[in-house]
Structures are given as C-alpha cells and as structure tokens.
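Below, subunit A partners subunit B and then partners subunit C, in two separate complexes.
The block that comes next holds the complex of A and B.
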C-alpha cells in the first residue's frame, strides 16, 4: 500500500538528485518516508536519499518496494506547475503507479525491482576533514574548474586552515581558496583528493545554491557530499570515488 | 566454434559484467584472431601497414579489445599457444590452427551478415605471423597484461590454470574449453554486451555424465581434431554414450570408426600443460610507452587507437567505490 501527496518541487528535487547518476532505481516505500540508494554502472558515484513522510502533504506506506524509470517519472512530474500538488498511488494488482496532477491522470508502468542494478553497500569511510559551505560556492567551484579541466582537486590546508579547489588544464589553471570566514564551518584534517568533473558536474546540478552543503574529505579517499532539501525533510548524500593521482 | 554442436549440450547463461570479478585466463590466439579479423575487415589497411609493407592490425585489435577487461575490473591473463609443436600431432595441430582462423572469420562475417568478406579476410588472417606474435606480446607487456606461454594448446593451459585456482575463468569463444575441463568459461568477451558463462559442473550434472564421457560424446559429434561420426549429432551422441558407457563401445555397437580417436581423447584428457607460470594481477600499464610503441615504432594511425588508450587510462585512474566497502 502506498498513497501520497507531495509538492511538485519536492518530488522533482528528489528525482533529479538520483537521475544524475542512474536511469532506473528502486524506491523503498517505508512507513516513515521514501528511501533511494543507487550507484552508477561504473561504481564511481553513489547517492543515498531519504525523504521524510513529513515532507509530504499526506503520506501512507507500509514498506513496499517499487522500481521506476526515472526520466519517465521526471517527465510526468514536470507536467505540474510550480505550487501544484502531485498525488501518487500504487496499484498493487497491476503494479502500476497512478499519478494525478490537477485532473491529469497518468498511469506509469513500473519496472521489476529485481531487474534493476543491486543497491550498493555504503562505503565505510572515516574522513578526517569537514567543510560546510553554501551551495553557491560549490556551484561556483565546479563551474570554474570545468572551464579548464576534466578533473578537480579538493583539499584542506591544515597549516593555513583553508579549503581549496584546484583544477589544472593543459594551458589554464584554476585555484580557489575559502577560509574559515568564507565557510560556514571547517574542521581541518589531512585532505587532498582528485575527482572526475563529469560526475561532480552532474551531482552539482542537484545542489541548490541556497542550501548548506557538507563535504567530508580525506587523502585519496572518496568525498561525501551532504545536503538537505524540502526544508530539511529530505536528505541527500553523494559519495564519489577519487581518481588516482599520477604525480 | 571449435565444436559448435557443444552449444546444445553445454549449460550456458548470460551474466552481467557486474557479477564477474577476478582473473580470466584468456585463450590469447582465439581472442587475437577475433580482433584481427574485425580490424582487417573494418579498418583501411594503410592505417596499420608500415612503410615496408608489414601489417600490424593486431596492435589496433589489442588496444580495442583490452579496455573491456580494465573497465570491468577483470584481470586478463593472456595464454598463448605453444610454438611450432614438436609433437607427433603435427597433422592434428595444423588442422586445428586452420580451423580456428577460419571460424573466427566466419563468425565475424556471419555477425555482420557479409559473406563476401570471407575470401578477402582469409588470406590475411590465416596465420599469426611472427611479427604479429612478437608485437602482440610486446604491447601486452607494456600494458602490464600478464602473459603465459602454454606448452601446447593455450585453451588447455587456461583451463588448467582455472582448475588450479590461479584464475577464475577461461576466456574463449571456443566450446572446446569445456572438454579441456575448464570449470567456468566466459564467452563473448570479444562481442558487444554481456558475456556468456559456460559451466562445466552444471553441464555434467544436467546430462549425468562424467567429463570423460562428455569428451567421448564430443568426439562422436566431431571436434577441432577429428571428423565426427556421420549421422551423430549432440542428442544421439549423448544417448549413445549414456547407453554404451564410452566411445569405444559406441563405435563398436555402430560399426563406426573415428580417426585418431585415442589420440584426440588423450589430447583432451591429459593435455600438455605446465605449472611453470607466475603473474601479478595488479596491473600498472605504461600507456605512454604503449602509445609510442604502437603509433611511432609501428606507425599505426593515432586515431585508430586513441580512444582505446583513453579508455584504459580512464579505468586505471578512476577508482571505484567498492574499494571502500
């Protein structure tokens, strides 16, 4: 049993943050909210999302599992105008999702969850550095790095106590330093890792500029990127595996 | 290939690459033939012919074929057939060699639905020339891909390595791997899409046979080394072996004869293999040196291999999250 009413913005934010990594996903319809965990086919980027029941106008579920084609569901959600509500109801018999938006009815065929890639184990990471910054600073860093390179280095200078972003291109370089004053918070620790911008750019698309983003970093370790949406009732954690640094 | 009729007998299922991990002992000649044929078919010969007319299409083939292993975190170990055999089995060996190259071409042509190409391909991929043999090994060494030299059949050696637990799968398009006792064989490593997994134990269980009986059944149908008995297909062979027990009783009952039957049987049962090999499974390819070898030393057109090298580079520098789980 699953029946819920949710704002178009909330549903779209949730779907967008997963669809940057995968085309299909499993959605756990838990009693206290939705949960999604997925990893891209190359096992490089992972998303762990939860959307509390309180983020919904109404929510009723008892622990089911459905598989969805994300772009289909996003297209449907995109039919709603800002401020409109979307009603979702699972038909257990036909295994279809009935979606209603202001009189528009859409019946979405679901995907067999067994045919979707297995949900990943969450890596066990002990990351020494923590950086809390505004979404817009993440957006800006990624955008600047992308102008010159395919890779981006994220790190923390322990001595001078700042967070930095480095991108080295064939001809041009980008360097950005954010000190304690520029950041919401910084806990220094040994941290320097290189990441693929292809992935980070996609993840960045889902990060709102006006949200608070927490980065957990280590030395040649995955980065953990955490942020909330839907007024904090939704949580997204991305994990991105590093690239090996040749020099 | 080899004995395509074995397909009807073998337990084979498609497996997604995600579910495969470890070391694949690849029947190198089988693999090379396949890429050689595809390269010769699709690439203008000027792209891989040196100023003095030497053709090294194998270098393009290798660079196009290897990324698949790297990207899926599978370590290939290339097992090469032994040099010109000193065995008395020359006749048998050469017959097999010929068939293998022919089969590779045929399969490619069949896949592409183009029969005209066969004749053209045949003259050029008939044999792995000494240059192809040497340059293939050198390129693999630069890319840090382990090489094992089999005393005789690469496929038999690969099967032996899996049985000893030094590799997890044999990689071969050839169904014969089953007869050499390969517990698990991956097919279609050279094709698009997911590979097929051929399971020896499941095959024997399904037909309630021993490996020796399976070999006998295959000999009745026909292998790379012998013509089968006329009128015996997979079904008949299985029934006959189940009824009569072994090859000789079946032949006697039917008044039939298989040339070199005992030698072929011996070839599968006790193939010439060695325990003298070692390799590391953590690969650290020197892409710069490999690129120089292919594009400068052997003057292969850069565009033909750029993408392949890039794919290998990407897969060795980008880690996966599973490293931390």
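The block that comes next holds the complex of A and C.
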C-alpha cells in the first residue's frame, strides 16, 4: 500500500537528482519515507536519496518496492505548476501508479524491479577531508572548469588550509582557491583526486545554489557529495569514482 | 523454472569447462594486467563460454564488472560515456587503485544506425583505457584491424564432446535426475561443440522426467547455416531434386542472390544439353522473381526456389565430381562495369524514340540494332552522317552505334559533317524568315516601326501588337477617361491600375 501527496517542487527535485545518473530506478516505499539508491551504467557514479515522510503533505506506505521509468515520471511531475500538489497512489493489483494533479489523472505503468540494475552497496569509505560550501560555489567551480577540460581535480591544501579546484585543458587552465573564510567549514586532511566533469556537471544540475553542500575527499579516492533539499527533509548523497591519472 | 544455463553458469574460472588453455591464458592476462595494460579479445563460436569466462574472471579477481552487450544501444556516444568512463575511472569502493573489468560483449556486432560509429569508438576506448577490458566476439576477423592489433587475443575452441558430457552429468546429479550415459552422449554429440545448447537441450528433455533415457533425447539437430559454396556443391554435383531444395532452406541468401550464384556457377560443371536444361529452369526462376517484384506476392518465391534448385539438380545427366572453383556472382559487378555503355545506349534510344514516335524500349530493341547493322564501321558513310545529323549524335554515340573507335578521324569527320548538315538544315527549314526580316527593316514592316515609336500612336490595336499601356490597362479608352494625363506617358502606372489604386489617384 502506498498513498502520498507531495508538492510538485519536492517531487521534481528528488527525481532530478536521481535521473542525472540513471533512466530507471527502484523506489523503496518505507514507512518513514522514500528511498532510492542507484548506480550509473558505467559504475562510476552513485546516488543515495531519502525523502522523509515529513516532506510530504500526507504519506502512507508499508514497505513496498516499485520500479519506475524516471523520465516518464519526471514528465508527469513537470505537468504540475509550482505550488500544486501531486497525489501518488499505487494500485497493487495492476502494478500501476495513479498520479493526480488537480484533476489530471495519469496512470503510469511500472517496471519490474528485478529488471532494473541491482542497487549498489554503499561503500564504507574513510575520507579524511571535509569541505562544506555553498551550492553556488560548486556551480561556479564546475562551470569554470568545464570551459577548459573534461576532468577536474578537487583537493585540500593541508599547509595553507584551503580547498582548491584545478582544471587543466590542452592550452588553458582554471584554478580556484577557497579559504576558510569563503567556505562554511573545512576539515583539513590529505586530499587530491581527479574526477570526470561530465558526471560532476550532471550532479551539479541537481544541487540547489542556495543549499549547503558537504564534500568528503581523499587521496585518489571517490568523492562524497552530500546536500539536503525540501527544507532538509530530503537528503542526497552522491558518490563519484575518481579518474585514473594516466602517466 | 529458471534457465539452467544461468543456474549453472560458472562462478569461478576453475568451473569453466573445455577450454583449459584459453582459460589459463585469460587468468594469466588478468594477473599480469598491471604490467602490460592491454585489452584482450576473447573469440570463439557461440555457447563455448566466452562471456561466462569473463564474468568468472571478474569474480575471481574481485573486480566489479561493467558490461555492455548487444541489447544495449551502442552508438559512439553511449560507448564513450559508459565504457569510456568506466575504462578511465577508478571504482567507488577502491578509488583510483580499484580495478574494474569492462566487458564489451558481441564486440564484432555493431548494427546499423543504432550503433552508429560504435566500432570506431571501441577502438578509441581500448587505446585510452586505464582499466582491463575484455572484448567478446564470435568472428575475430569481423573486427577492424586496428582494434585487433591493439589487443591480445585468446581463442575459445568448440567444446569437445568429452568435456560436455561431464558438465551434463554434473547438472543431472545436482537436479536429482537419473540418466543413461548414452543419453548424455547423444545430446553432446548433437550440439557439436556448443556447450550452452547442450545444457539447454538437456533442460528441454530432462525437466519433466525423473529418469533420462536415450529415447527421451528426441531434440532434433539444430539448424545450422550452410555456407553458399557447400550449397552450390550440393545443387550442382551431389543431391537429387528434393535434396537440393532441402539444402536451400539452410542457406542464408534470398532467392534473387541465390539465383545469381547458381546461374554464374552452373556452367562450370554442366555441359551441352544439361546446361541448356539448367538455364531453362533458371529462366523460369527468374520469371517467378519478376512476378514477385511486379505483384509483391512473395509466396511466388517458392516457385523460383523450386526451379533454381530442384530444376537445376534434375537437369544433371551425368554424375559430377571433383572440386570446382565456384565464385561469387558477377551480376552486380557486370552491371557496374557496363554502366557507362548502358547510359550511352539509353541516351541514343531516347533521342530516337522522341524523333520516331516510338517507345524508348522499341527504339532500343528494334531500331538501334538495324542502325548498327546499316552503319557498321561507317562503311556507308553518307548514311552514317545523316543518322548522326538526325539524332544529334556526338563522337561517343556514333562510335557506340557503328562500332568504330571514338577517336578515329573517320568518326570525327562524320560528326563534323553531321553538324554542318544540321546547320544547313536549320537554315533551310527556317524558310528564309531571318533573311527577309533583315532586308525589309526599312519601311515595309509597320509592326516594327510602331513598336519602336511606342504608344504615341493611339490606334495601337490596328497592328496586333499591344503596347505596354494597352496590355496593362486593358482598354485604352477607359484609361484615358480616368487618367487622361498619364495613360500614354506612364505605362507602368497604368499596368498596376487594375486592382490597386495608386496614392496619386487621391492627390
């Protein structure tokens, strides 16, 4: 059983942050909220999303699992104007999701969860450096790096205590330093890793510019990007495997 | 009921059966990967365990797997995004030091638009990779040479009967099925080296019985595609009518192609009367193919195939033997070579047809041959010149009709003469119209004079030549009523008067 009413903004931001990595996903309908975990086909990026029951206007679920085509669901959610409410109801018999937006009824055929890529295990990583910054700074870094290269280095300078972003292109380079003062918080540790900009760009799309973003970094290790949405009642954690620095 | 080929898929390399050497090579490749950093191509027939071995390898090495197979869309962009990224990135658990096995299944099969640019992109990915890549393929030589050169190669051979039987025996034990050894032998023999088919066949016959006997093994021989060369041997040398027809069912060619193959190769073995009979049947087959094209009724294909296979086989009058070098049909290459000649022929035929009021086909079939005979090698020079003049032929075309060389003086002089003749004819046919006009330009022709002096002469209708003013306004009388000042002085204005009033009308 699943029945929920949610604001259009909350639903779209939740879906957007998953759809940047995968086309289809499994949604766990837990008693205390929604949970989505997915890894992209190349096994390079991962998303772990939870949306608390309190983020919904009303929420009622008992632990089911559904598989959805994200682009379809996004399209439907896009029909709602901002401020409108979307009502979701699962028909267990037909395995279809009934969606209502102010009189508009849409019946979405679900996908067999077994046919969707297996959900990843969340790797337990010990990442020494932690950077907390504003979403708009992430956006700015990614945008600048994208002008010159297809990969980006994120790191922390332990001596001078600043967080830096490096992008080296064939001819042009971009370098950005953010010191303690520019950041919300910084825990220094050895950190320098190279990442694919394609992925970071996609992830960046889902990061609201006015939110606090937490980065966990290590030495040639994956990055963990954490941020909240829907007034903190939704949480997204991205993980991105590092590029191998070819010699 | 789950698929036994999945249930009993090997989980470690040591369970991969029948290709011990290839298996060890693969393991060796993986263990030394850090030193050589090459990709590997694993190739072999379907069902011998290539993909299974790759996955087993990954689990042995503890590497996560990224697989792209033919069920994914594999255009250049997808390969770059997925395989490219997977081959250049570390893993989520191990970071940069973590290894990931990239498996590109069916690397020899990139199809059509959906996979556009796929194979070139694979080569690029392989060359830039920082992670181990296994390319799985059936046909080694279907892959580009640059890709083959960039990789190590491991061949998986067909699995021998000796190796298949123990696998089947093992599955029977685990499924709790009693069996007769001979039954397993029969399955193994029937599937000729394809382990996956053997397991599928076993499941098909054993699923509903507790005890498997030889009599249960009724799975028929699998369809195998017969090569076209073997098929030609069958039709031309070996089988009777029925056998030849049956053989055609296993050949992967459509009737049009098959006809070309047979037609081109039959004269290499048949002689005299039997060859004539064979051609009779091939001609029938061709007519049926024509009916298929005309009516789009593809059930006629059966009559075409009957004729070209059974017909040809039954025309054989004496036993054939030995080896013949059959070759691919020359039909298409002949068409390609004769394209220029056919174009010339059709161009001539079109002009003849236009002039003589016949169809192009008639011109080509019934007029052109006579012209050719009459003007053969330009012996009747006068006639040839007249022909060239009438049909406006150039050197190339004269040479085509007469058979004389295009660059010879003979042909060139004929074309020159023909041109002269045409020029004369033009003058003759003009009835001296142009010469007269020149002579009388002084005063006799009032038409010209009127036109030259413009619309000053108000009686413009008299000479049949409309002035601009009358053409635009239609009737000069009405024009002069409404706009007496303008009508003759400004014909442009008058021209647009009909529907649209000018601003000047209101001023």
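Keep in mind that, in the parts below, the second predicted complex is superposed on the first by the 246 of 247 C-alpha atoms of A that agree within 3 Å, B and C clash if a C-alpha of one lies under 4 Å from a C-alpha of the other, contacts with A are read in each partner's own complex, and residues count from 1 in each chain.
The rule we apply is simple: a contact is a pair of C-beta atoms (placed from the backbone, for glycine too) under 8 Å apart; a residue touches a chain by one contact, two chains touch by 3 or more.
Bear in mind that the values here come from a model prediction, so they are computed numbers and not experimental data.
Q: So in the superposed three-chain picture, is A:117 touching just subunit B, just subunit C, both, or none of them (first/second/both/neither)?
A: first
Q: In the overlaid three-chain picture, which partner chain does A:77 touch, first (subunit B) or second (subunit C), both, or neither?
A: neither
Q: Counting only touches as set out at the top, which of subunit B and subunit C does A:55 meet: first, second, both, neither?
A: neither
Q: Looking at A:44, would you say it contacts subunit B, subunit C, both, or neither? Reply first, second, both or neither.
A: Both subunit B and subunit C are touched by A:44.
Q: Of the two partner chains, subunit B (first) and subunit C (second), which one does A:218 touch, if any: first, second, both, or neither?
A: second
Q: Report for A:27: first if it touches subunit B alone, second if subunit C alone, otherwise both or neither.
A: In the superposition, A:27 contacts neither subunit B nor subunit C.
Q: With both complexes overlaid on chain A, does A:196 touch subunit B (first), subunit C (second), both or neither?
A: In the superposition, A:196 contacts both subunit B and subunit C.
Q: Go through subunit A and flag every residue that touches subunit B in one model and subunit C in the other.
A: Overlap of subunit B and subunit C footprints on subunit A: residues 39, 41-44, 46, 120, 123, 125, 196, 221-222, 239, 241-244, 246.
Q: Across the complex, what residues on subunit B touch subunit A?
A: 18, 71, 316-325
Q: Can you check the complex and tell me which residues of subunit A touch subunit B?
A: It comes out as residues 39, 41-46, 117-118, 120-125, 196, 221-222, 239, 241-244, 246.
Q: Quick one: which bits of subunit C touch subunit A in the complex? Just the residue numbers, please.
A: Counting only subunit C, the residues touching subunit A are 64-66, 68, 72, 81-83, 85-86, 88-93, 95-98, 100, 130-131.
Q: Mind pulling up the subunit A residues that touch subunit C in the complex?
A: For subunit A paired with subunit C, touching residues are 39-44, 46, 120, 123, 125, 193, 196, 198-199, 218, 220-222, 239, 241-246.
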